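The structure under discussion appears below in the form of structure tokens.
Chain lettering (A, B and C) follows the sequence in which the chains are written, and residue indices restart at 1 in each chain.
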Amino acid sequence: MEWRWDFAIEILPQMLGAMLNTLLAAGIGYGIALIVGLLLLLGQRTKYALLNMAVREVVEFVRSTPLIVQLFFVYFVAPQFGVVLSAWTSAMLTIGIHYGTYLSEVYRGGLEAVPRGQWEACRALNFSPARTYFRVVIPQALPASLPGMGNYLVGIFKDTPMLSTIGVVELMHTANALGAETYRYLEPYTMVGFMFLLISLPTAAGLRKFERYVGRALGVTK
Amino acid sequence: MNVLSERNEMNQSSSISAPDENPMVRFSGVTKRYGNLTVLDNLDLDVSANEMVSIIGPSGSGKTTVLRMLMTLETIDQGIIYVDGNPLTHMERNGEMVFANERYLRTQRNNIGMVFQQFNLFPHMTALENCIEAPINVLGLKRDEAEQRAIDLLRMVGMLGKKDEHPTRLSGGQQQRVAIARALAMRPKVMLLDEVTSALDPEVIGEVLNVIRALNSEHNLTMLMVTHQMGFAREISDRVCFFYKGKIAEQGTPDQIFNDPQNDRTKQFLSAVLDAN
Amino acid sequence: MSYIDFLFEFSPKLLTGAYITALQMLCASALAILVSLTFGLLRLSKNRLATGFATVYIEFFRGTSLLVQLYWIYYVLPLMGLTLDAFEAGFIAIGLNFGAYGAEIVRGSIQAVPKGQWEAATALNMSPSLRMRRIIIPQTFSILLPPASNLLVELLKATSLVALITVVDLMFVAKQINATTWLSAQTFGTALVIYYVMARFALTPFLRWLEILAARKVGKV
């Protein structure tokens, strides 16, 4: 089978439109994951040992099981209990929770990167907890967390093709549809691959730059 | 005036020993640069067979670099180094001297052994395995022979009892003694010692110095030793070279350097070091 | 239908699927390890062509999505005359993809071996290949295993995507059961638990054991 440029150009507008959906899904999913991650982190640092342990186990469970199975679980199980979730809602919820568990670990790593002496110095200076966190801890934890946070943004982006399996109309879904319609899979699938490459490589490079910028702006790294 | 007198002193001091026709090591006009920084500047240095030369000098004066070039861990920019009459840094190709390639270096490196400040023992091997790895795989010795050689050397450095321990289970002094045995197992003609006691706790420095004393008196070895232990350098060396900014500012017998230094830099350095002790 | 009945009826099927998942995992891991070593070492070679090739490979496979690669290998390659059955396409796509991530781990762990170890080996006149084989690589294991363990857990999870190209693995079986019974909670819930057990109580302990072994080898324990 030969590559046909005319066909590639013909489907390009539709593919680009679908790409917007892909980016939207990744963006929203990431936003939810950032918040879920924070909640899961706090949930492991409460006064109640039992709750901490339970949250820890949930995080462990979600991290150890495949996103796509979770996606089907959420999408198909909710109706069994009388709640019908749209494909988009299920997708955003699943990505938010799945990557939230990863991000909670990233946040935790960031906090652990702050030396004990820093906390002790804050106590010695009688700083309020808010001051301790916002002026001392977070400015040091953030640069340590950023690489992980960036990786998972790109990670979510690259996982979005899975959403096509429950009917979210993103890039992969569109490529499948075009293929089924025209019996030509070469161009749609190859274009999806290159579109991913064209977005994820510059994004990864941009994130590295951003990390260095933040580290320098906060005066934590050189 | 000042410059002139310094130059005179340098000539004086370097002409102390009669020139050796067949030096074991010869640096001839060697220059080493890192970017714009000239670390060694047109260095000439001969070391005779069985001579013990100590290299002293302030931090950054190029002492380590001298040893690393001789071990071929660094390339040089100008000049040439000879070991035992053969060029080390260069080889002959079509009648011309060109920089040595890896294959040529491998024919020459066996002549030289080095002991590092940080020991650099292989952590995944026992003391004995550290000492037989290269003799077997580089020199091609039989395992029995290599082990016998290693055992003799470990006994000499007082580490035979720990031959089956991994480095992490040994103290710094013990590790350094194994490292000396490991280097000796290759039967080098020239041994390079770079601040071998600097990473050690004070109470174990003595045990390593004792090994070096024994080496010096009982073996036919040419040694170049970078050290901050002035007392030891004075006791053991045949010659002391004082490095300053990539040059030998002054050299002579320990007696000359320590009791009657001529160069102002040497005097300053020695008084600073001796004050600190 | 009670959950017990459900298990009685469907666990043989689910376990057969889990077996295929395990096979995919083994084949993909083997390929991924091979690819990681090859491209990790190429990345460090002095030959510019070799490093360039390795970099392109790594960036390409990390920059596109695994699912896209899977579809491409299964649906597009046959159009070019290379037909793979679903099982082969599945583990090959996963192995090539994870190999790219693994190569970076290999490269990083080799570079993490202290400079003094390289120099000590050179000072003993070891050849570059002997040095790599006997001194450097044995020391990379303890550095490499923790990140490699994480990657292998991710790989196990990623095998679930092969269901989408009709490999009858655990995910595929779960989808089948769901389509006929509509007992979604039971079906996908059980599948999740099986994945969890495989990851947490089989794979992870095995990898921990390897990590301890490697740490012992360099005398860290």
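Annotations for the structure displayed:
The definition used in the following text is that contacts are C-beta pairs under 8 Å (C-beta built on N, C-alpha and C of every residue); 3 or more make two chains touch, one makes a residue touch a chain.
Keep in mind the model is a prediction, meaning the values are calculated, not measured.
With chains as nodes and touching pairs as edges, the resulting graph is an open line. Here the largest set of C-beta contact pairs joins the chains A-C. Each chain gets a centre from its C-alpha atoms; the one nearest the centre of all protein C-alpha atoms is C. Centres computed as Cα averages put subunit A at a distance of 21 Å from subunit C. Taking the mean of the C-alpha atoms as each chain's centre, subunit A and subunit B sit 55 Å apart. Averaging C-alpha coordinates per chain places the centre of subunit B 47 Å away from that of subunit C.
In subunit A, no residue reaches two or more other chains under the touch definition. Residue positions of subunit C touching 2 or more other chains: there are none. On the side of subunit B, the complex with subunit C involves touching residues 71-73, 102, 106, 109-110, 112-114, 116, 118, 120-124, 133-134, 137-138, 166-169, 182-183, 186. Taken together, the subunit C residues at the contact with subunit A in this complex read 59-60, 62-69, 71-72, 75-76, 79-80, 153, 157-161, 163-164, 171, 174-175, 178, 182, 184-185, 188-189, 191-192, 195-196, 199-200. Residues of subunit C that touch subunit B in their complex: 114, 116-117, 119-128, 130, 134-135, 138-139, 217-220. Residue ranges on subunit A touching subunit C, taken from their complex, read 1, 60-61, 64-70, 72-73, 76-77, 79-80, 158-162, 165, 172, 179, 185-186, 189-190, 192-194, 196-197, 200-201, 204.
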